[in-house]
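In what comes next, chain A is part of two complexes: it sits with chain B in the first one and with chain C in the second one.
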Partner chain A sequence: MKKNLSFVIALVVTAALAAVPLFVKKDSLLTYLCMILLYVSLASSWNILGGYTGQVNLGHSAFFGLGAIATRLLWFAGWNILLAMLVGGLLAIAFALLIGSPAFKLRGAYFTIGTLALGQILYATVGNLFPQISSMPVQDLISYTLVTRYYLFLAVALITVLAATLVANSRWGLGMMAVREQEDAAESLGVNAFQHKLLALVLSAFLAGLAGGAFAFFQIGYYPQYPFSPIWTLDSTMMAYIGGTGTILGPIIGAIFFVVLKEVLSLNLAEFHPTVFGILFILVVLFLPGGFMGLWKRIKDKQQKKRESMAELSHP
Partner chain B sequence: MKSKFGVALVILLLVSLMATSCAPKAVETEAPVVTEAPATEAPAETEAPAVTEEATYPPAPEFIELGSSISLTGNFGSLGNLILPGYQIAVEHINAEGGVFVKEYNTKIPLRLTYYDDESDPTKAVSKMETLFSEHELTAYLGGGGSSMHAASIPIAEKNKVPYLGISFALYKIHQQGYKYLFSPFPKSPNQTEDVFKILNEAIPEGERPTKVAVFAYNDDWGKEWGGLVKERAPEYGYEIVVYEENPVGVNDWTAAIQKAKAAGAEMLLTLPIFPDGSGMFKTMAELGWTPKFSLVIRAPEGVNWGESLGKIGEYVTIFPGWHHGAKFEGVDKLNARYEELYGRPADLLTGPAYACVQILAQAIEKAGTLDRDVIRDTIASGEFSTVIGKVTFNADGTGNVLDPLIQWQNGKMELVWPAEHATAPLIYPAPAFEDR
Partner chain C sequence: MLKLTEIDTFYGDLQALWGISLEVREGEMVSLIGPNGAGKTTTLQSITGLLRPAKGSITFDGHDLLKVPPDKIVDLGVSMVMEGGRVFAGMTVLENLELGAYGSRARKERFETMEHVFKTFPRLKERLNQRAGTLSGGERQMLAIGRAMMSKPKLLMLDEPSFGLAPILVDAIFEMVKGINKQGVTILLVEQNVRAALELADRAYVIENGRIVGEGSGEALLSYESVRSAYLG
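Up next, the complex of A and B:
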């Protein structure tokens, strides 16, 4: 019954999202929704490695950037956008496989610092190799429509959430969580930690690469280095933590909360908004360990205990 | 449950992908509806012949809406915080006179500036530009600072067909994209790379000129554009590039380049570093004992921190910032006086060009006699405007024909040294050796 209800809610929400362009005609709102969907994809893809497998990756923007740069180059060369995005995703996988082996020799904070360094190296290298602005030809602006971009972002977000759901409920997902909880213990039980971490990295990278491809299709003018900026990693990581890592809904809620709150503050508080946002973020971290999903779990646990004690009282 | 959820997601996914592939590449449909009647609309036929003049004009909007997505925080925050006061003071001054007369409504309408901080993030700039367009009946956009922010914002203005006036970027490449709604009353790379040689040839007798040139550039887009133009222009004016060094942005070690320049006997340095690089470069030059007779250093010395940080080492360096508060144009004193009241100093380098953007817009609206954005765009493109940065006209690519004053650090202050009719001090040439200062 409960599972059926979740299914119906998921169906209604996704159908409503698919119908948004039929009712929303303002570019500002569509742009805003595109940003939320993009961040849902990024935070959810980060969560596969960071949340389920416990490997805090601070080089996530490298995969996003690789997807963006490959898609942009191929799309500008006349490729179909979906095909270009697929190549972008595959390029991100190739990079993940390349760095996976050396990176997973590092553990804990060393892995985190290692991935941060890799991201920074790529950021600097792309800045040097592609210093020119990438801008959509002005004649193409006539046919530029946000609705197409919105559907692309929605598709990528759906793929990402679907992949995270399938992984979380699979044997592989259980293995990843075991690695997260205690890597040595997991290995002693026959879980190949390296394989599980590598699979999580590859999947996370591919999905971030697809998100990068959608970004390349959306943003009209930017420097190719920009999608490699560490800000994409930091924002996605924050979103996953705010919502709750290691859950399906956490990164989604975190992305919505993060984007909406930031936008509301920046539209109303001008240059003071980063300070206010920073304070709010600290409050969330202090009072909501485990993020919003953690809070939800605590409320449910409390209710469960209450029910159990009531049951004990009525049947001593 | 899992399988049902999966099936539902897959179906929706396929629908989304199909929509992405098949969606018509139509022109945006959600252009804002301008509710005001057009200027040419005839009065209602039922009106009596002796109608009052007011009755023949449509009701005027409360404000002429200007919008700006500007960086007040983040990497470009320092630029945005110099530009914004220029916009604000100009709006304040124009509104003090009642606003801008718009013939279409036969009345003066005050300006209203709405600005949002884009956090120096190009994606947020896009979102802010769209919000400004959707939520306000915008007449024009005013740009922020930094070429990457302009690169993100200008296409949105173009897409929405709203005039965009932007300063604080010398990158010419942006103007070569074919944008129709972009106007920039700010010197660009082609002006700067030609003016430096023209000024030197005008100010210094032949035989005393620093003809051996060292160029230190970044391998970013502006560095490449600027460096390429210098290479082209130098021989035309009798100069020779003896050292051309390129470094990635953020590499703060120019030792090898300086040693090469010293060994080649370079007498002039042309460079455009960001502040920490420029500061490091000059400290190293002083240590290594290479003093160019003339240094044009764009970007790094444009803030007061140059003088504070380098002291005598930073003296005699020249810059092309686009404006100086000592310029003798109408309105400069008024701008300086207000800036002094607010910030305790004369207007900053970027404040003047920002102020000029609003002046250009106000004059264009008045000349156009309407708030129709296309008519205003055409009027900006073809008109001549009197501003605090002088007379301004625009080329077909949106670049402004503007004065490109040369500023020199002298005694811890930025002095305007060229053109002579605006100069606050004469050019000091050659620069004394570092050890003699």
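Up next, the complex of A and C:
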């Protein structure tokens, strides 16, 4: 019953999002929605490893960047964009497999620092190898339509959220959450922690790679280094924490909240919005563990306890 | 059923177990008692593969456990309830139980097994969709044991199931463990609650400083002067 309801709501929201370009004709608003969808993809893919599996990855932009760079090069070389994106996703997987084994030798904060370092290394390397700005060729500019980009972002966001939902409700997802909660207890039940972490990393990387591909198709001109910037990682991490890690809705809520707030702040406070977000992030971690979704869960737990104590009073 | 022969286990350079040999026969309830830091938990972890002994052998039902990866040992029918229960607090009771049946052998029959677990722990059925973190201490321990039962173990090992529980709950938990044993599950119990552990067990081993220093029927050990003075005061 509850599952059917969520399914219907998801279907209605998807249909509404698909219909948006029919009604929204303002490019600025459509661009804005594209950004929300991109961040939904990034935060939700981060959440598979960082939220469900508990491995806080601060090198997520590496996968986004690899997807972007591969897609851009292949697309400009005349490939079909979808095929180019797929290769971008596969390149992200290849990198994930390469770093997975050494990175997961590290635990907790050391894993996080390790991934941050890997992301920074890639950021610097790409900056050195591709110092020139990457601009769309004229023929692509002429045929450029924002609506196509919007649908591509929407498709990637839907695939990402759907994949996260399927994994979270599978046996593998159960194992991932157990690894997050208590790795050694999970192993004592027969859950192979390394395999679960690696699967989460690979899936997270592939989806971020696809998002990178959509970005490469969307952005007219940028430095190839830009998608590798740690800012993408930090933004998606913050969104997941603010909305609630380890939930499907959390990163979506976080992404919407973040993009809207960022817009409001940059209109009114110009350069100060990173400061505001930093403070907000600290406040969430300190006073709102589990983000918005965590707050909701605690309210439900309290109601449950209340119901129980009432039930115990009436049937001693 | 389970046989440890002369095992030595190390934490890095530090030797924790010195030539431990013990045996648990099918259907038995065996207790392993001893003071803090004697090597009780280390012994259990050597069996489950969390730690690997440097020397000696461990066999279970004819399998050489030292050659089996830790995540496959559960599939053979060895299950452990860790100290403090170690339930997954952020997950529901149902999810915790499902995780107990993670191995492919147990997973197929998980719903039947769950009904069986509810017969021993009816409380868990009432709490099925609640997060484990909202359970009381006794309920958590029941969930931990129920979760271990979900793997359909032939041998159930329990590390201090009475730890941190109110006395009245301790008795209830021990009753449940005895009940599980009567259903045909072999039990290896590690306890600091020595009197209860010896009263319940068919046989017991006493471990001190990483060595087995005594062995006998529970009743016999209860009457030993050295055990009485050391553990029962």
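What we mean here is this: the second predicted complex is superposed on the first by the 284 of 316 C-alpha atoms of A that agree within 3 Å, B and C clash if a C-alpha of one lies under 4 Å from a C-alpha of the other, contacts with A are read in each partner's own complex, and residues count from 1 in each chain.
Convention: a contact is a pair of C-beta atoms (placed from the backbone, for glycine too) under 8 Å apart; a residue touches a chain by one contact, two chains touch by 3 or more.
What you see is a predicted model, and the numbers here were worked out from it, not measured in a lab.
K.L.:
Between chain B and chain C, whom does A:Gly175 touch in the aligned arrangement: first, second, both, or neither?
P.N.:
Only chain C; A:Gly175 stays clear of chain B.
K.L.:
With both structures superposed, pick whichever of chain B and chain C touches the larger number of chain A residues.
P.N.:
B
K.L.:
Does the superposition put A:Ala77 against chain B (first), chain C (second), both, or neither?
P.N.:
neither
K.L.:
Could you say whether A:Asp301 touches chain B, chain C, both of them, or neither, answering first, second, both or neither?
P.N.:
So A:Asp301 only meets chain C here.
K.L.:
Considering only the touch criterion stated at the top, classify A:Leu286 as touching first (chain B), second (chain C), both, or neither.
P.N.:
A:Leu286: touches no partner chain.
K.L.:
Scan A:Ser188 for contacts with chain B and chain C and give back first, second, both or neither.
P.N.:
second
K.L.:
Quick one: classify A:Thr14 as touching chain B (first), chain C (second), both or neither.
P.N.:
first
K.L.:
Let me test your reading of the model: by the given contact rule, A:Leu141 touches which partner, first (chain B), second (chain C), both or neither?
P.N.:
After superposition on chain A, A:Leu141 lies in contact with chain B alone.
K.L.:
Can you list the residues on chain A that touch chain C in the complex?
P.N.:
Touching chain C from chain A are residues 171, 174-175, 177-178, 180-182, 184-192, 246, 297, 301, 304-305.
K.L.:
Which residues of chain A touch chain B once you look at their complex with the stated criterion?
P.N.:
Residues of chain A touching chain B: 3-4, 6-7, 10-11, 14-15, 18, 25-29, 31-32, 35, 80-82, 124, 127-128, 131-133, 135-139, 141-148, 151-152, 154-155, 158-159, 161-162, 165-166, 169, 215, 219-223, 226, 231, 263, 266-267, 270-271, 273-274.
K.L.:
Which residues of chain C touch chain A in their complex?
P.N.:
Result: residues 48, 50, 69-75, 80, 82, 86, 88-91, 95, 98-100, 102-103, 107, 130-131, 134, 147, 151 of chain C touch chain A.
K.L.:
Can you name the residues of chain B that touch chain A in the complex?
P.N.:
Answer in residue numbers: 1-2, 4-6, 8-10, 12-13, 15-17, 19-21, 23-30, 72-73, 77, 81, 115-117, 119, 121-124, 126-128, 130-131, 133-135, 147-148, 151-152, 154-156, 158-160, 171, 173-174, 177-180, 219-221, 223-224, 248-250.
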